[in-house]
Structures are given as structure tokens and as C-alpha cells.
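Below you'll find a set of structures to go through.
Two complexes are shown next, each including chain A; its partner changes from chain B in the first to chain C in the second.
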Partner chain A sequence: MKNFDYARPQDVQSAAAALGKAKGSRPKGGGTDLITLMKSGVLTPPLVVDLASIPGLSGVSRLETGHFRVGATTTIAEVAEHPELARVARVLTDAAATTATPLVRNRGTVGGNLCQRPRCWYFRNLDYVCSKKGGQTCYAAEGENKYHAIFENVTCNIVHPSNLAPALWALDATIHVAGPTGEKSIPVADFWVRPEEDISTENVLEAGEVITGVSFAPEGASTGSAYHEVREKQSYDWALVNAAVRLDFEGEVVKEARIVVSAVAPIPLRLEACEKILKGQKFSDALAEAAGKAASGGATPLRDNAYKVHLIEKCVKNTILDAARRAKVRSGEPR
Partner chain B sequence: MNADSVTGSFVLNGERKTVAYPEHHTLLEVLREECGLPGTKHGCELGECGTCTVLIEGVPVLSCLVLARQCEDQAIETVEGLESAEGLHPLQVAFADLGAAQCGYCTPGILVTAKALLAANASPTSAEIDEALSGNLCRCTGYRKITEAVDLAAARLRGEDRALPSLSELCGHPHGDHSHE
Partner chain C sequence: MEADRKVKLVLGFGDQRREIEVNVPAEDPIPWDATTKFSVVGTAAPRADGVAKVTGRAKYTHDMNLPGMLYGGFVRCPVAKATINGIDWSAAQAHPGVKAIHDFKVKQTRYAHQHLIAIAAESRQALEQAIALVKVDYKALPHAARFEQAMVDGAPQVHANRPNIEAYSPSGREKAVQEAMQSADKVVEATCTTQVQNHCSLESHGIVAHWEGEQLKIWASTQATFGVRRDLADAMNVDEANVQVICEYMGGGFGSKFGAGYPGLAAANLAKLSGRPVKVMLDRREEMTDVGNRPDSVQTMKLGVSKDGALGAYKVDIVGTPGVGRGAGARNPMIYAFEDRLVARTERAVATNAGAQQAFRAPGHPQGSFALETILDLAAEAIGMDPLEFRIKNDPHPTRKAQYKDGGARIGWKNRKPNGSEAGRFRRGFGVASAVWYQIGQPQGAEVLCRILRDGSVQMRNGSQDIGTGTRTLMQIIGAEELGLSLDRVVPFIGDTRDPIGPGSGGSVTAPTVAPAARQAAYLAGKELRAVVAKAMGASADDLAFSQGQVVHQKDATKSMAFADACKLIDQGEISALGKRSKNFQAFEGTVGGVQFAEVEVDCDYGIVRLKKVVALQDAGIIINRRQAESQLNGGVIQGISYALFEERVMDRQLGQMVNADMEMYKIAGAVDMPEIESVLYDVSNGGNTTGTAGIAEPTMIPTAAAIAGAVHNALGVRVTSLPMTPDRVLAALAQKEKGK
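Here is the complex of A and B:
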């Protein structure tokens, strides 16, 4: 690993100021992604600004508005094991619990999970100067592409690696950001940057900007949510396909549906075609099946990943069924 | 001490340790190179094997992905810290009794991960043991004996007098690692 300066500021403003000054410097949460990329030389920040020791940036709290806030340096393990979050944002705790391994979850943070870089082996290998690293070619287009994107894969074939991103989008969360010019709040839907807009990044954060936390409304009395993924091994693996679903019911009718995936496209993707099939309809297994079928609409698989087309249909369907089942259980609960 | 060296201080296996190290070194490097504790192993260096696991403030984490700079004043425990004046830790004894280590490369990481599990849960089920250890790869044992050894150590720590399986039971184990005619 190349040498770098290391700063451990005590507040977010100092962190943002330090990051804004040295070009290419990076904030650090748990370091579980950043340090691997620094070891391989893909990232060579002159300065690493550690957010981990900033007081107040970690933990789960309830705001005056009734919304829940999860601090940026809260660990994934803390989210996964949080009993209250499991009641009000099950899709998020499920997504956290299936992330990586217990040892990664003990250190990896919410902010770092959202901003982690893609796992594409061409991107992570210094020998391939792929388009994402400033070159001319996406090597995955013609190369080994078993784990790559089947949607929106025109310029770049990465998949977004974050489990928490689709879950937070299903919750319609807001991402809170602090930077050299102050603070702002970004709806999670507007946080992502398509490769066609700027291939060098996956999100809208500018130099010096850091996530301070995320917030979202708790699930209501007729809401159910779920996160499912399919992977090759029970532990360790990134999702081959995944789905985060939140359904709001009025009686038997689906009032609102949010369905988001990440492991099949360069940035998290909301599947509005599937949502449309559910919305305003009386829920049934057949309806979930039809919505699942629609999940593969517009897919453009590569040589080695056509299997994902079938998997995404099943995964979306099963996640919808699970979310609906949970909504039913909940509405039977004493209010 | 060269220009890029820093001096750090943390509590290592119960004793305050002050040590100079290159400022960009990971905790794993500092433990092995500057602290002279080679029990914690170098594996993938990418968070994918778990053999570098140590406890920081009692929590099992991957020392290959922790910057030593971040460990100032924290309590760090490595496999070398398991043995006490009374002898080997019950986990170490159980691993030896049941043959839960073969090449032993994964063992230091597994022992400290298991120690953290037992500190939080004195009576884990085998599913809970498997889940807690699901970030620690073992290329040799097939995991079965590791789970059994953690279970045995937990029982002994609870004060239960659990008999060891007989040699024939051990050898005839369907998931054993050596094939027997």
C-alpha cells in the first residue's frame, strides 16, 4: 500500500474541509473496501480522513418527525441486529444481515456500504485500464462477464455492489450529506450517477462531501417489506440478483409498491414496470408472479450472465410474496 | 525510525504496548512485524478469508483491513492472548481434543472469533456457531469438528462435565477428513 497522510478529525466540518483541500483524498468509514482498493493501487489517495472517530456520526435514533435516522458510521452489524429497525424497516435489516460476513459487518459502515466501489474484476485489477479507470474499453463486454449487469449495460457493465442501497430506496430514504459548502439532503433516488453521465463515479458526491446519515419513515400498520438475494455461497458472496420490496396495503389492495434491485445494473434500479402491475390491484400469488415476470423486461444479458434473467424474475416474485405476507401478519397485530 | 514512522500505543493482550511503525501499516502488519506476534496470519489481505481476525474491544474484525493508526488506545486481543496462567484457553483445549485444527492456518482467527461468540452467548446452538464463524474460511477440516469443538468448549466453560467422543467415534465420523476403509 502506498503511503498516505491520515487525519482523524473530531467533527464533520473539519473532515469536509480536509477532504476538500487535497485532490483525490478519501473519507474512510470501516475501511473494508477503501483499504482493499488502496492495496491493489486502484485508489491512491494522498490523504485518508477517518470518519470513524467523529462523535455523533454513529447510531440509530428517532427524530422529532417520527422518522428514523441511521448515522453514517453505524456498522452494518448494528443495523442487522437492531430490534427496533427490524420492526420499522425490515427490508433494511434483512439486507444488512445478508451482507458479506460477520467480520466485514462488524467493521463496514452504512456510509461506506453506499459508496463502496464496484467489484468488477477488470476495474479492481490495475493491469486493465478499463473505461471506468480512464481507458477506452469495458473489458467485461466481451470478457468474463458472469457476474455483470443485465440492465442499462451500454457503456459499462458493472453491477452496483451495495445491499443497503436498494433497501434504503425501497424505504424512500433520504441521504444526508455534509460538504465544504454546508449540508444538504438528497433523496436516495437522486443519489446515483449513470455511467453515461460520469463513468468515473457511481454517485453524486463531490470532493469533500461525506454522508452523515440516512433517514426514512417507519413502516405503517399496513406495510410489509423484504429483501431477498440469490448467491452462490451462503456466506461471503455478493448477490447474483437481489430485490428490495416495500408494499403498502389498503385492505387486500396494494396501494403503493416500491421494488428496487442493485446486483443486475450499474446503479440501483427501480423496477417501475413491476410496481405498476401491483398498484391498485387486489393482491394474489398470480399478481406477484406477473410482477416477477415483468422484472426481466428490457434485459440485455451478456455472454455469461443470461441465467440472471430467470433468477431476477423468481427473486422479485418471492420478495413480493414475502413483503405481502409480512404486511398481512402486521395488520393482524393489535394496533 | 524513518520519517514515515509513527509511534502508537494500544492495549495488546492486556498489556499497554507502545510501538513505532510505518504510518500506513495495517494492524495485521504491526502485530506481526513490530509487535513480534506472528500468531495472527496473513491470508488474502482482502477481507475474504478471516485468518487475520483479532478482537478490537472484544469485537472480531479483520486486522488486514484495519489501519494501525486507528487503534490508538484500543484493546486488542490476538490468539497469543488466549493462554493464561491457568494454561491454554478451554477453546484451545477443545480444538486439540477434537482435532479441530489440521494445518492450523485458520485456527488463530477462528479461536478469537469463537471467544467473542462465547462471551456474548454462553450456550450457542450449532447453527449459531456456524453463523458466527461464517467469515472464517478453513481449507482443511470441513468445519464439522470446529463447530463441535466450540460446542465442547462452551459446555466446559459452563461447568458441564462432557465426555469426549471415543476414538472410534472420532475416526468413524462421516464428515471426517481422512478416508478410512
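Here is the complex of A and C:
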């Protein structure tokens, strides 16, 4: 690991100022991803700014608007085990509970989960000067690509690694950011950056900017939400595909639907085509099936990951069914 | 000198008993058999070092920190094949903290991350900085890092002096097998593939080397202390008498840690050059790429079977890659256990530009078992016979015959439905597979020193190692049993080559090799003590025995005395006796048997195999320590599950690196992936040696993947013929079944 400076500022403004000074400096939440990347030499920040000691950056609170706010350094475990969040944002607590291992959940933070770097084994290997690291080639395109993208995989075949991201998008959350120029709020839908726009990053944060928290409206009484993650191992693994679904019902009719998938493209994807199939319709298993089928529309799988096309269809279908179960529109226990 | 004795022994288990007569050498005690009444042998004893391990008091090689110690590490070549034109380490040498550089003098690399030179520096940080300063001038050459790249015509040649494909001499009998196939009622065919598996020992390879003049002191994470001693004495040109190897504790080897290896050579050389102790511990990527693996395989089989379930002729072609090493044969020995088989076998090894294979827990067997049990299940299916019944009919082994029935009841085999009859998203299935192993210990393979001290405490000493299987505790138990003591009176010492010789821990050899030597040591020391006591009390030594902390006078109980009091009679301060390893004699069976059952639920939407339960039954000879034997069985099943469902080395076809050389993307089963494991030990009075001990470290891992594959087959009605059974492979099998409809 390269030598680096380390700062523990006591407020967000100092953190932003410190980060803005030296190019390539990195904020640190739990550090579970950052330290790994530094060890492998993929990241060599001159300065690491630890956000952990900033008061007020951690915890779940209710705002005057009635919205919930989750601080950036709130641990994944805290979110997973938060009883009130489980009532008003089940899709989020499900996603949090699914994350990694108890050890990582106890250390990893909400902000860090959103900003972690892709798990692509070419990106994480210093010997592969891939396009994301400033080279000319995406090695995944012709190489070993069973875990790579099946959508929007033209320039770069990474998949977005955050599992809280689709859940927060399903909640139409807002991401709060502080930086050298002050604070701003970004709808989660606008947070992501496609490789074609800037291959070196996955989100819109500029140097010196840090996430301070996320906020979202609580689910209503006639809303059901669910998060599913398909992975090889049930203990500590990365998603092959995942889906976050929020359904607002009027009786048995789907009034509003949010379907967001990830681990299938360089950024999380909202599937409006699937939402359209559900919206305004009386809920049925056949409807869920049809929406699931639509989830794979436009897929461009690589040599070794065509199975993910099948997985995303099934995953979306099953997550829709569970969201409907949560809203008591369909019987049975969510699985 | 006393004479040998002829004694009758009762061997076997349950209602299967057999009497044999054996010749017992004078220095040996009467062998344990089915009539022996034990006091501590066979109980669930705690590990002698359990507390030290869980409290961190146990010091592993990784924990060793000597005053002035340097850190050693490696400069490696990133590409799969290259000519090394030159290495410029001047900047590294000038770097603050760098104390020594050792050149392995490699001119041609043949796999990615091959080691070139070793550097020792004052700190880990200085070492990493120095490594980064070395300039390697290399010319990358076309490579064949993957199996299929090495197989094609015109493939880059891995070794300069031999072709990539090396055929072993075939078994012959092709024609006879072909003829026999023609008369078979049914002939089934299948091709199975298995993956390269990495050892993934929790403690990586590593050695600390410390020269004190001509004396070389070594701490090594090894499964062969004496092998390391020999390797380093040879390499450093010193007498073995001047080399001491210590391995009190070690974090796993699984076959990958037999010698000093290049990390050991690096540490010894760097320590010599610098005049300072040097620690070399590999990091995870080095562990994954440059110290061995289990070869992959493609096994193409054909089996004839009659309508009534009798096995016919068998033909198998095996291809596997040892990387740059040699030998990649999948072994499917179960077919030989089935009587009078007509087998034709061909085998090839394909060299690739990848790290060399090494021995790995039952080399060749798990891959062979996966394939063989596949063809057996397909044969049973083809004639409409229950696969368990099919095995009971064909397998002559007495222990396995009992285990098939016992295990079938435990897993609930009666709930098994015909293959593929389940519908819906979640489908249940049951599978069964078997193992064979051969180990009753090496004659002359070990010596154990037993010391009885004046205060009544006892030491049992052997210089080999406890790789986690519990050899240390085994010596303690045997000493306590033979001398009639409780475990706390016996202190075992293991892992220091200043103590008597012991085997390298390969082939499940350690327990059955060390146990009889330990028993003889305690027996001979006890015999001397009996003589001392007999003299003092004016009795005959033959009337004295050890039991429950007493030296018991068997004819006159009033003369009995406490063991501790007896030891006060030892004039010279202690009695010590060296126990040796006598020749093996006739055993109950030449082999030990194991059978495993799996119940799975397959999520057909996602192609995910979830295990509900595994029942593992294992013949383990006379069980010395029930707790550790069960732990061994559990460990084998856990590693087998991981092999069946998750583990797989992925080689990049472009630059030829292993792309998942970490514990994140090289996937190993975790706690949540584990089913209920019911481990059932078969106490078989085995004979063969004076303790009736048989080695079981390896067979416990052999049949797990095959049993799971059988269960998946039962659930889906289609065979997944490729390991690991990940969602992509399971979904592909389901799609193939749909297509076939």
C-alpha cells in the first residue's frame, strides 16, 4: 500500500475542504472497499478523510416533511435492524440485511455502499490496464465475463455493485451531498454516470463532495415493497442480478410501480417498460410474469453471462410477487 | 529378550466379526480389538491445544516475530509466459531498509505471477516499495493459460522439451470392453467436467528462518517438518543435524505444504545473506497462483449394465491439466471395489501456462468420484432401478453395505421420488455416493518418546506436526489410555524436529502411523515403571497394571498404589522409552469405507442448489477421539460442499492471469451455505496395527460433490455434469431438458 495522509475532520465542511485540496483524495466510511482498493494499488489517494467521527452524519431521523433521513455514516447493520425503517421502507431494510456479512454490515456505511467501486476482476487487477483505468481495452468484453453486464455494456462491462442503490431508487430517494460550494440534493435517478459520459467514475460526485445522507418518503399503507438478490453463495457474495420493487395499490389495482434492477449494467436501471405493464392493471400472477418477461428487453449478453438474462426475468417477477404480498394483495409469505 | 506372542484378535463391527491370529512382537502391547474396554480412547476428548488456539496463545508461523527480523517477499512476472532478459534491482537494493536480495535465476517464466527474485527488508512497507522499484525486462510470449487454449493444434507449447498433451499408458482391454458393451442390456454414456480447486489454507505458506552460526532454526507452516528439514539442509548445504524445524501450530495445508518450497528457500537464503532472521509469508494472491491446486478434469465414460442391475464393462477417458506441473489423473477407484470389473482406461495430462498442481485432499478422487457416481446414477436410471439399491447390489464392502442402509434411513431416502417427478420452482432431491481409502499407517514411519517423570506427569513427544487433525491430542489420549491416567496428567509435544521422527501428513497417514508408536512408547515406559514398582513391593511385574490413576496389583488390591506415588520410586528421576512403529498386520478390510447422502432443494427460477441435509458415514477404524474424528468428517463435508457448488479457479484467456485470486471472487462456502450435517462414525475394530487406527482425513471429502450431484439429478430429472454446480450450469441443464422434451 502507498503511504497516505489521514484526516479525521469534525465537520462536513472541513472534510470537503480537505478532500478538495489534493487530487485523488478519498473519503472513507467503513473503509471495507477503500482499503482493499488501496492494498491492491488500484487507488492511491494522497489523503484519506475519515467521515466516521463527524457528529450528526450517522443515524436515522424523521424530518419535518414526514420524510425519513438516513445519515451517510449509518452502518448497513443499523439500517437492516431498524424497526421503523422496516415498516416504512422495507425494500431498503431487505437490501441492507442481504449485504455481505455481519462483519461488513457492522462496518460498512450507507454512503460507502452507494460509492463503492465495481467488483470487476479486471478493474481491480492492476496488471490489466483496462479502459476504466485509462487504457484502451475492456478485457471483460472478450475475456472472463460470467459476472458482467448484460445491458448498456458498450464501452465498459462493469456492473454497479451497490445493493442499496436500487432500493433507494425504488423509494425515489434523494441523495444529499456537501461539497466545497455548499450543499445540494440530487434525486437518486440523477446520481449515476454512464461509462459513455465518464468512464472513470460511477456517479456525479465531484472532487471534494461527500454524501451526507439520503432521504425518502415513507411507504403508505397500500404500498408493498421488496428486494431480491440472486447470488451463487448465500453467505457473502455479490449479486448476479438484483431487483427492488415498490408497488402502490388502489384495491387490487397497481396505481404506481417502481422497478429498479442492478448488477446487470454499469449503473442501476429503472425498468419503465415493466412498470408500464403493471400500472393501472388489476394485479395477478400473470401480470407479474409478463412484467418479469419484459425485464430482459434489450439485453445484450456476453459469451458467458446469457444466464443472467433468464435470472433478471425471474428475479423481477418474484420481487413483484413479494411486493404484492407485502401489500396484502397476494396471499402467502414473501420468500 | 522376551519372545513374540501369538494372540487372537476379534476384528470387525456390529454383527460382522472375524477372529484372526497375529504375531505380536515382544516390544508391542497386545493390539486393541473389538473386545478391548477403553477408558479414554473413543471418548469425545477436547483438543489438547483448544484453549491455546481460541485464546490466541498458540503461536503460528505467521505470529513469529524475532528481534531484528526482516520481511521477505517476491518480485513476480505478471504475464503467463515470458523470456526474462534481465532484472534490474539496483534501485531496490539502494532503497532504505532493504537488506538482501536472492535471485532464483529464472530465464523463462511459464505462468503468471511466477517468482523471479526475493527481497528482504526491515518492514513490510519497505519491502513493498522495494518490490515496486525492481525493473523486469521481459518479452511476453504467446501462452496457453486455459485448458482449451493448450489443446488446440498449433497451441503455444508450454514446456520447451515436451508437447502439451502427454498420454499415459492406457490400460488396454479396449476390444474386450467393446465386445462386452455389445452384449450389455443398456449402455450409458456421459462426459463430466470438474474445475481447478485451490487449497485456500487459512494460514498461507510461510517460513521464518534464523541462522545462529551454522545452526538453522526454522518456523514453518508445514505438513512435513522433517521434509522441510531435509529440503533446507540439502539446499543450504548444511547437516540435517544443524537444522531445527518448528511447527507447533499450523493453519491448514490440505496437501500443499510438504516441503520448504521456494518461500522456504527464499527465507533461508535471505537470512543467510543478511545475517538477520527473515519471515516470508505469502499473500492471498501468491497463495492462489504459485503454490498448487487440484487439477481439473474432463472424463468421458461409457458403462454397460444388465437389466437386473449388474455392472458390466466400463470405459473411461480422462483429461486434466496439472498446469506446469505433472500428473492430473482423476481417480475413480470405486469401480475397482466393485468385483471383477472389465475396465478400459485412457488418460492424458494437458500442460497449461498456469501454476503447478499439488497434492490436494485425496488427489484425483473427488473429481473421479463425481464422474463415476454420475455414470452409476445414469445406469440405475436407464434400467429403472433405485440408485441406492443399485449400489447395495454392486458394492461388496461390508462397512459400506451397512452404511448404505443406515444412511438411507437417516436421510429419509424413502421420501425420494423418481427422478424429475417434482414440479414447480423449488424441487427436492436425494443423492448418494461412496468413498474408499487405504490408510492404516506406515511401518517404521514414526517414533514417539514417552517420559514418565518423578512427579507422576507424563510427556509424549513426536517431531511431526498436527495439521489440524488432532495428532497432538491423539498422542495424549493414547498415553493416558496405556498408563491408566486422566488426560490432564499427559502432556503431548508435537512439531519440533528435535523430537523423534514422524511422517509427512499426506495420504491420511499421520494418525495411524503415530498412534501405534505412541502406544508402544507408553507401553515400554510403563513396563519399566511396573518393574520398579514390582521390585519395591516384592511383587511380579506381570501382576501389575495401570488403571484409573493407580498401579493396580491384579491379585491383591491392597497392594495397589497411586500412579504418582509409584513414580516417586523412580531413582534416576524419570523413565523414558522410545516407541517405534512395528509392521502392519492383517486388517479387517484392506480399505475403509465411507458413504454420504445429500438432500437438496433446487430453486429452478435461479438455478440455485440449496442443501437441506448431508449424512456422512465413515469407517474410521478404532476411533481414538470421537470429537476430532467427527470434526474431521464435518470438515470433509464442508470442503466437499464448497467444491460441489462454489469453488473454481478462473484463468483469463487474454493475459493468462488467474482473475479471481482472492477470497472474494474465488468463492468458498460460508456458514449460511451449510446444511445440517449428520456425521456418523463407524467404530470398526480394524486391526492392521496395535491401535486399530485408520486415517480418514481424505475419504471424508471424496463423495460429497457426487452425492449432491445425485440429489440435483433426482430433483431436476437431468444431470448437471459439470462442477461447480453454479446457477449458469444448473439453468443450462434445465434448458437442455426442456429442449429434449
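Keep this in mind: the second predicted complex is superposed on the first by the 328 of 335 C-alpha atoms of A that agree within 3 Å, B and C clash if a C-alpha of one lies under 4 Å from a C-alpha of the other, contacts with A are read in each partner's own complex, and residues count from 1 in each chain.
Throughout what follows, contacts are C-beta pairs under 8 Å (C-beta built on N, C-alpha and C of every residue); 3 or more make two chains touch, one makes a residue touch a chain.
This one's a predicted model, so the numbers in the text were calculated from it and none came from an experiment.
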Between chain B and chain C, whom does A:Thr32 touch in the aligned arrangement: first, second, both, or neither? first
Determine, under the contact definition given at the top, whether A:Gly20 touches first (chain B), second (chain C), both, or neither. neither
Once the structures are superposed on A, label A:Leu103 by its partner contacts, choosing first (chain B), second (chain C), both or neither. first
One more residue to check, A:Pro180. First (chain B), second (chain C), both or neither? neither
One more residue to check, A:Tyr307. First (chain B), second (chain C), both or neither? second
Going by the contact rule set out at the top, does A:Gly220 touch chain B (first), chain C (second), both, or neither? neither
Partner chain in contact with A:Pro46 - chain B first, chain C second, else both or neither: neither
Tell me which partner A:Glu144 touches in the superposition: chain B (first), chain C (second), both or neither. second
Applying the touch criterion given at the start, work out whether A:Gln234 contacts chain B, chain C, both or neither, answering first, second, both or neither. both
Share the list of chain A residues that count as touching for chain B in one structure and for chain C in the other. 1, 3, 101, 234-236
Residue numbers on chain A that touch chain C, as the complex places them: 1, 3, 101, 119, 121-122, 125, 127-128, 139, 142-144, 146-147, 230, 232-237, 240, 304-305, 307, 310-311, 314-315, 317-318
Complex contacts: residues of chain B adjacent to chain A: 4, 22-24, 26, 45-48, 50, 53, 59-62, 64-67, 69-70, 113, 131-132, 134-136
Could you please specify the touching residues of chain C with respect to chain A in the complex? 78, 125, 128, 605-608, 610, 645-646, 650-655, 657, 659-660, 664-665, 667, 669-673, 726-728, 731-732
Spell out the part of chain A that touches chain B in their complex, as residue ranges. 1-4, 6, 8, 28, 30-32, 35-36, 39, 48, 50, 52-53, 100-104, 106-107, 234-236
